[in-house]
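The following pair of complexes shares a single chain, chain A, combined with chain B in the former and chain C in the latter.
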Partner chain A sequence: MIKVKRRALAIALCLFAMGVSANEGIQGAWFRVPDGAGPIVENAEYIMVMRPGGNLVEIFIDPSNRMEIFTESRFEVTGKDLTFAFPDRDQSHHQIGFEGEDTLVLSSGSDRSMEFHALSGKSGLWSAAVKLAESGEVRSIQLLNGDGRHILGAPKAARVYLDSVRGSILLLGFEGARSDGAVTRQGHDWVVPVSHDVVALALGPESFLPRFERLVRGLSTR
Partner chain B sequence: MRGLLGSLLVWLALPVLTAQADEQLLGYWYLEEGAPGFTIDDVHIGALYADGTILNLSSDGKEVSSYTSAEYSVEGDEITFIYPRGSDEEPERHPYRYELIDSDTLLYTDEAGDYENPEDAKTYYRRLPDNAHLTLALLGLAENGQLEEAELEVDSDFGERSVLVTTEDPFAQFILFSDRRQAFRGQINRNGVPVVSTVSRHLAAFRLGTAYPDEAFDEMIMIMQESIASAQKAAD
Partner chain C sequence: MVRTLLVLLSLAVFTPSFPLADDRIHGYWFLSGRDGFPDFARTDTLHALHPDGRLAILPRALSADAESIAFMDVEIQGNIAVFTSSEVLYDSEYYYEPLNADLIHFVNMKGEFFLRRMPEDAHLHAALLRLALTGEVARYQPAVTDDFFGDAERVVVDLKDDNGRLLLVHMPNARLEGAIEIDEAPWGRPLGPNVMAFWLTPGSAPAKVTRLLSEASRPLLPEDE
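Entry: the complex of A and B
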């Protein structure tokens, strides 16, 4: 009992010192859409994940639906002030505001304010892709079947390229369907559901399977 | 059901015909053209059935196609392949002398042809190995009239070999993943219905599309499993 209490206290002190706990509402994934586009993740051009501890995961989405991922940036919250620290750019300072629970508004002095929308945990393929990006081991993600073609029967799919070339991950989104079970290869996960309607498949040699297993298991337990 | 029925018919026909045809002739034979050892990448397979019908399965490394209309008859050490032509024409007949060199090697000699080098009259077929699960699965589908189209990809992202299979029902497509070095296990269900199934330890099937009737996929899996199992049984 005493041990647990002490530990909780230690964590609380630690968070306070970093200033992150000041605004827990800001933690999570937020996306931005171009001006005039509807606030749905399919229109997103930028997603940022504000992780506990101040890690910022940035995802830039180009018109060909390729997501480039950067995990080197950091953020810090003090009261209503938010500071981004980028490795290759100047720091930027913003004021935090919310419109309801799902819209984050960042304003900075004379600049126009920026609107971000909360990525719902139920966003199927997108949630799975973003969670994988959070691992820090993903280089880029290509969203597939923009041309209406189904990949392995899936209306939505994405190929996740890791920071090594030994293997990649195919995410298959079956909206509204519940998948269960698993297919293994050499005793390792090969095709597994990572959320209720997303299935992941390992593309690569046998040596890639343990890494795949570790990455996708991280998704379903988080 | 159709798969079960098909094999049942073959079994029933078997005792009747073994009296005439050499039982050792029956089964799957492949023409070894490239490197020794069997792969489905560039091959011709002739299946000789007890009821006198033939199934041909050919692959050029991109497409696997089947042909089922031919028949054969055996008399002594002569085998004649009979290919139908137009309805009012006599079928084509190609007689060969056959010889079982050993239980796994079959030699056809064309004695009617005029060959400068007598070796050119000879064609050697080898018995299909019982671990050729992908090929056995495709043979099973073809035997049941279900192999409409099969697109083969070698060393694809999905493993050693993958085949996109279109069955008689154009909406009933699935992909077979084959890897003879790997063991597959398990199954994935979507809304309680199998969508990824392991056909054998070296073969997994991935159902495509939603218009696919549930029972149809199960039936295809059963046909393929049966075909692999009966080859195993024959080898034991």
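Entry: the complex of A and C
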């Protein structure tokens, strides 16, 4: 059964290798909010990142502010047609439309259309969390300030769980402040800014630090 | 010739005077007895004697409030140590004698006590003592939230006048270096190689926290640098 799925995925991957970057306007991170909720990322229930190579990073956010991350799906754009290929579901086909630059509308036949909002690069903690998710090494992310409590002095915080239990990453959002400097542990990055107002802190043993260093340094160049 | 004399004179004027002139008693100490008891694990009182004459006294337990934190000055006059405090309305004087490099005997008409050198790996206590030497610590207690650091010991330190709050995290065997600032005021800074301080109240008292963390991250003794 699993083998059949794998083969289907492999075929899908071959099909989608062509024509991927037909519409560059669609690349980037888009979020969807529940009906009636304001179009701000804090209300997001789903985020998708459409990466240049045709990889789709999907983030599902549950009511307890836990983000589950999936990186096995793909997308293909041909003109105004968008096709998603999922490893565990049927493909889905959509028509691409834009309302301004910040709103993406996907419609498919008789179904009602879905609206997505662009995740601004200035979204601080959210941008950093999504960029980490793009690494493919993140299993889930827990947003921590549901109760309004500051964590290590930061108004916004998230804990990023990787696909191993050896260590995790604490993201601290200082909302509009400017962070400078770095603290190293055993010569490796330990507490470092990943954007002007977001600081990442490695939680785990010394052996986790090289991996942390690689992941957070990737944030600024990705 | 005249110029040389002037230089010598100005040196004499500007050479700082050290009230705690006897460097044998500089450093971190705990209240003990002649025979070594109580040991560090069982003592109830820690002392830090700064070469500039400041003295901080703390309970060993990782919790304390203002009443049990003492901050005073010590001056050495011959073999007499004079303790003075702006908070306590009396001076006290003790004859003192270092019995060896790690044990000092203090005695006067009212009684005697012994100070024994603190173990070198008591980094968290040493950091707390350096903070207390600034005279700005109101209280401290074990941290019960922000449990991100495994089984590392954590202490929350409140400054006087509600100026803000620090978290100290002791990470044995870590080698921490550097500093992080938020809006140009320190937010994360090691106080020694394996005690990390986080300023939990960014935006409050930036000048004070800058001075405090800078002083508390400086080694007490020149040879510790």
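Convention: the second predicted complex is superposed on the first by the 205 of 222 C-alpha atoms of A that agree within 3 Å, B and C clash if a C-alpha of one lies under 4 Å from a C-alpha of the other, contacts with A are read in each partner's own complex, and residues count from 1 in each chain.
By definition in this document, contacts are C-beta pairs under 8 Å (C-beta built on N, C-alpha and C of every residue); 3 or more make two chains touch, one makes a residue touch a chain.
As the structure is a prediction and not an experimental result, all values here were calculated from the model.
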Taking chain A as the common reference, can chain B and chain C both be placed on it without clashing, or not? Answer clash or fit.
clash
Counting only touches as set out at the top, which of chain B and chain C does A:F174 meet: first, second, both, neither?
both
On the A-aligned overlay, A:G100 touches which partner chain: chain B = first, chain C = second, or both, or neither?
neither
What is the contact status of A:V183 with respect to chain B (first) and chain C (second): first, second, both, or neither?
both
Can you list the residues of chain A that meet both chain B and chain C?
150, 152-153, 174, 177-187, 190-193, 199, 203, 206
Can you name the residues of chain B that touch chain A in the complex?
157-158, 175, 179, 181-191, 195-196, 198, 204, 206-210
Hey, which residues of chain C end up touching chain A in the complex?
145-146, 148-150, 167, 171, 174-184, 187-190, 196, 198-202
List the residues on chain A that touch chain B in their complex, please.
150, 152-153, 168, 174, 177-187, 190-193, 199, 203, 206
Spell out the part of chain A that touches chain C in their complex, as residue ranges.
149-154, 159, 170, 174, 177-187, 190-193, 199, 201, 203, 206
